[in-house]
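Presented sequentially are two complexes of subunit A, the first with subunit B as partner and the second with subunit C.
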Partner chain A sequence: MRSLYHDGRTVMHRLPAGAKLAGLMVVAVLLFLTRSIPLLAFAMLATGTIYLGLGQPLRVAIRPLVPILATILAVVGLHLLFNGVEEASVTGLRLTALMLLAASVTATTSISDFIAVISQAAMPLERLGLLKAADIGLAVGLVVRFVPEIITRYDAIREAHRARGLTPKAGTVIAPLIIATLKDADSIAAAIDARGIRGQ
Partner chain B sequence: MKTRDLVLIALFAAIIVALGAVPPITLGFIPVPITAQSLGVMLAGVVLGAKRGVLAVALVILLVAIGLPVLSGGRGGLGVFAGPTVGFLLGWLPAAYVTGRIAEGFAGYTFAATKQTLGFIAAAAIGGVLVLYLFGIGYLAFGAGLGLEKAFYGSMAFIPGDLIKAVVAGLAGRAVMVGYPILHRSA
Partner chain C sequence: MFGRVQIIFDQTQLRYGEHSALAPLTLSLSEPRIGVIGLNGSGKTSFARLINGLAKPTSGTVTLDGLDTVKDERAVMAKAGFIFQNPANQIILPIIRDDIAMGPKSRGLKGPALEAAVDSVLDRFGIAHLADRRPHELSGGELQLAALAAVVVTEPGVILFDEPTNQLDLKNRAMVKAAIEGLAQHAIVITHDLDLIRDYPRVLVFHEGALAFDGAGTEAVTHYVEIVGA
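Right, the complex of A and B next:
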C-alpha cells in the first residue's frame, strides 16, 4: 500500500506536521465562516498554487483529487439547478479550496510524522488511562501488514468456490473470510506479547 | 485493552480496507455488483460489538487521514474530508457503534437461529443505514448547504443497496457467531 506522501524539499515539506494540521483546521473554520465569493476565489487560487507547487508530477497530483472533485461538482450542479449561481459558487470554491489545502498537507507529511503527531496528541488520553499512545502506531502497522494477506485469502476463497462449481457470492465469501482472519488474532497477540512490544 | 482486542480491531480494520480493494462482488439475488466497504462497517458492529467495532472503524478513518489510499476506488488523504459526502465516512463511527450496541443484545447461544439472524439484520439496518444516512445527509444538507430535501433525495438511490448489505451483514454475522463467536454482551 503506497501512501499519498510525495518526497520533496518545499516549505510545506519542512513545516512541522502539527503546525500544518493546526493550520488546516484554522483555514477550514475560516472558509466556512465567509460567504464572500472574491475571498473564497482567492483562497482557492492560493491553495491551488501551494498544491501544484509541491513538485509532484501533474498526473500524480491530479489523480487522488478526481473522485473528490466529482462529488463537489455533483453538489455544485444541484446548487445550480435549485439554489442559484451564488450558492453554487460559494460551496464549490469553499470545498475545492479546502480540498487543495488538505491534499497539500497529505502530500507533504510522511506516515511516520503523522503517527508521531497523533501519538503525541493522544498522550493526555494515556494519562487518563483511556488508551496507550504507542498502540496507535502498532495498530496502523498491523493493518498495513495484514491487508495484502486478507486480499490473498479473499481470492483463495473465491477460487475454492469456483473449483466446486459455485458462483462466489457476498453471503458465502464474507463469513469464511472473517472467521479465517480473526482466528489468527490469538497467535498474533501471543507473538506481540512474547516480544514485549506493548511493554507489559 | 488486552492485546487480543487490539489485534482483533486491527484485523477488522484490515478487512474493511481489503473489502474496498477487491473488485465489486455480486450478491446473488440482484445482478448489480456492490462495493463491499460499507458492508464492512456493519460487519464490524455485528461481529466485534460496539466498542471494538467503533475502534476498528476509527482506525480505518485514521489511515485515510494519514494519507493511505484505503477507501474504495483508492481514495485517501485529508482531501477526502473536504468532500461534500464526508458525512457518509465520519458517520461510520456512530453507525458501527449503534450496530454493535443492538447486536450485543442478540449475542450468545440462547437465541434461536432465526431470531438472532433477524436481530443482526435489524442492527445492521438501523446502525449501518438509518444512523449512517442521518449523518451523511446531515452534512450534505448543512455542511455543503444543499438543504435537507435535496440532500435526502440525492441519497435515496443508494438506500436499497445498503439495505441489502444489511441483510448480508446480518447473515454473515450469524455465521461468524456460530463459527467463531467473539461478540459479547458487554465487550
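Right, the complex of A and C next:
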C-alpha cells in the first residue's frame, strides 16, 4: 500500500480537509440523485479535469485508479448484459465521476489531515463520554501505517515456507502471521504509551 | 550541554509471577552516557522499562528527577524517551513527517512552530529527504534515526535505547552511533554491541536478573566477557 498523497499547491491542496470530505459527501449524494446522462458526463469531465490538474505525472495519476476502473468496467459490463445501455451509461459515468473526485481528495489530503478531520468528527462522541476522539484518528492512522508491514510479514512467512520446500497453506501461514502481529501490537502499544500520544 | 537528570532505584524489584526479572536494586544514575550490557534475559530491558514507567516495580521505587514512575507516570514518560528494539513498531503514522509531528502536536504545539520543530529535528539527524517517505521504504538505520527524531522533538531529558544497533550493517551502525554521541540529552544504551559503550563513563552489567557490575566502560566489558566465559 503506497501513499496516494501527492504534494502540490493547487486549490484542492489548499482547501481544508474537512471541506473536501464534506464536499465529496455532498457530490456523492447528488450524483446518485440524478440519472441525466449529459449531467453525469459533465460531472465526469469536471472531476477528471480536477484530478488530472493536480500536477501528478499521468502514469502516477492513472496507476492507483486501475483496479477501481476495472471494477467499474465489470459493473458496467453486467449492466449492459442485463439492464441495457442507458443503465450501464448512468452507472459507469456516476461511479467514474465519484472515483475521480475521491481520488482528487485523497491525492491532495495528507494522512495527518485525514486523522485530524476524523478526530474532529468524533468529538461529539467524546463529549458524550463514549470515547476519546484522538484515539479514533490514531486508530485510522495505525491501520494505514501497519497494513504494509503485515503484507511484508505475510510475504516473509510464505517465503520461509518455500525456502523449506513447503507449500504455503492458509493454515500454516495465517497462524504465525496472527501471532507475530499480536506480538507487534504489544510493542506498538508500549511505544504509543512511551511517546505519550494517547489520552493527552 | 547536558541538563541534570537523576534516576534513583530504591530497593526496586520486578517480578512476573514466580519469575524474578530484576532482583532488588538500589542505585543512582546521573552520568550523561550510561551503557547497559548482559546476556539475553539478564534483566537489561526490564531495567530500562522501569526507568520510563513502561514497567512498574513489584516493590521499591524508581524516580526520575524526583518524579515517581508509578505516581507521575505521564510526567516521567515525557522526560524519558524510549527507542525500542524494533523502531518500525515505534513509528506509528504512515508518513515520517506526520509521525515526528505527532508527539509535539499532542503536547499542544501547532502551526509554524510545529513545522519548525519538525524541520529542525529532521535536519539535525540528516533525514530531511525522508520526511515524506513511508516507514517500510526506509533502511534499518534510517528507521532508527526517524524513531530517534520523533523522540528528540519532544525534548526529553533522557533517552533510553534498547539495542539500537541490533541487525544494522556497518554504515547504519556508524550513523546511529554518531547520532547517539551527538545528543544533548542523557542516553542510556542497552546493547550487545560492546564497542558502542566501551568508552562510556558508566556501564552496568546485568546477569541473571541482577546487577553484576557497575563501573567504567572498559572494565565493565572485561567483567562481562569473564562472566560469559567468552
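By our rule, the second predicted complex is superposed on the first by the 151 of 200 C-alpha atoms of A that agree within 3 Å, B and C clash if a C-alpha of one lies under 4 Å from a C-alpha of the other, contacts with A are read in each partner's own complex, and residues count from 1 in each chain.
In the analysis below, a residue touches a chain if its C-beta (ideal position, glycine included) is under 8 Å from a C-beta of that chain, and two chains touch if they have at least 3 such contacts.
Please read all numbers here as calculations on a predicted model, not as lab measurements.
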First, second, both or neither for A:G53, with subunit B first and subunit C second: neither
Subunit B versus subunit C as contact partner of A:A175, first or second or both or neither: first
First, second, both or neither for A:V144, with subunit B first and subunit C second: both
Touch count on subunit A, higher of subunit B and subunit C: B
First (subunit B), second (subunit C), both or neither touched by A:D184: both
First, second, both or neither for A:G77, with subunit B first and subunit C second: neither
Touching partner for A:P16 - first (subunit B), second (subunit C), both, neither: neither
Touching partner for A:R195 - first (subunit B), second (subunit C), both, neither: second
Partner chain(s) touched by A:L95 [first = subunit B, second = subunit C, both, neither]: first
First, second, both or neither for A:I136, with subunit B first and subunit C second: first
Touching both subunit C and subunit B, counted on subunit A across the two superposed complexes: 2-3, 5, 111, 115, 138, 142, 144, 184, 188, 192-193
In the complex, subunit C residues that touch subunit A: 52, 54, 74, 77-78, 81-82, 84-86, 88-95, 98, 101-103, 106-107, 132, 134-136, 150-151, 154
Touching residues on subunit B, where the partner in the complex is subunit A: 1-4, 6-15, 17-18, 21-22, 25-28, 34, 36, 39, 43, 47, 59-60, 62-63, 65-70, 73-85, 140, 144-147, 150, 154, 168, 171-172, 175-176, 179-180, 182
Complex interface listing, subunit A residues touching subunit C: 2-3, 5, 7, 110-112, 115, 134, 138, 141-142, 144-145, 148-149, 152, 184, 187-188, 190-197, 200
Residues of subunit A touching subunit B in the complex: 1-5, 24, 28, 64-65, 67-68, 71-72, 74-75, 78-79, 82-83, 87, 90-91, 95-96, 98-100, 102-103, 105-107, 109, 111, 114-115, 118, 131-132, 135-136, 138-140, 142-144, 146-147, 150-151, 154-155, 167-171, 173-175, 177-179, 181-186, 188-189, 192-193, 198
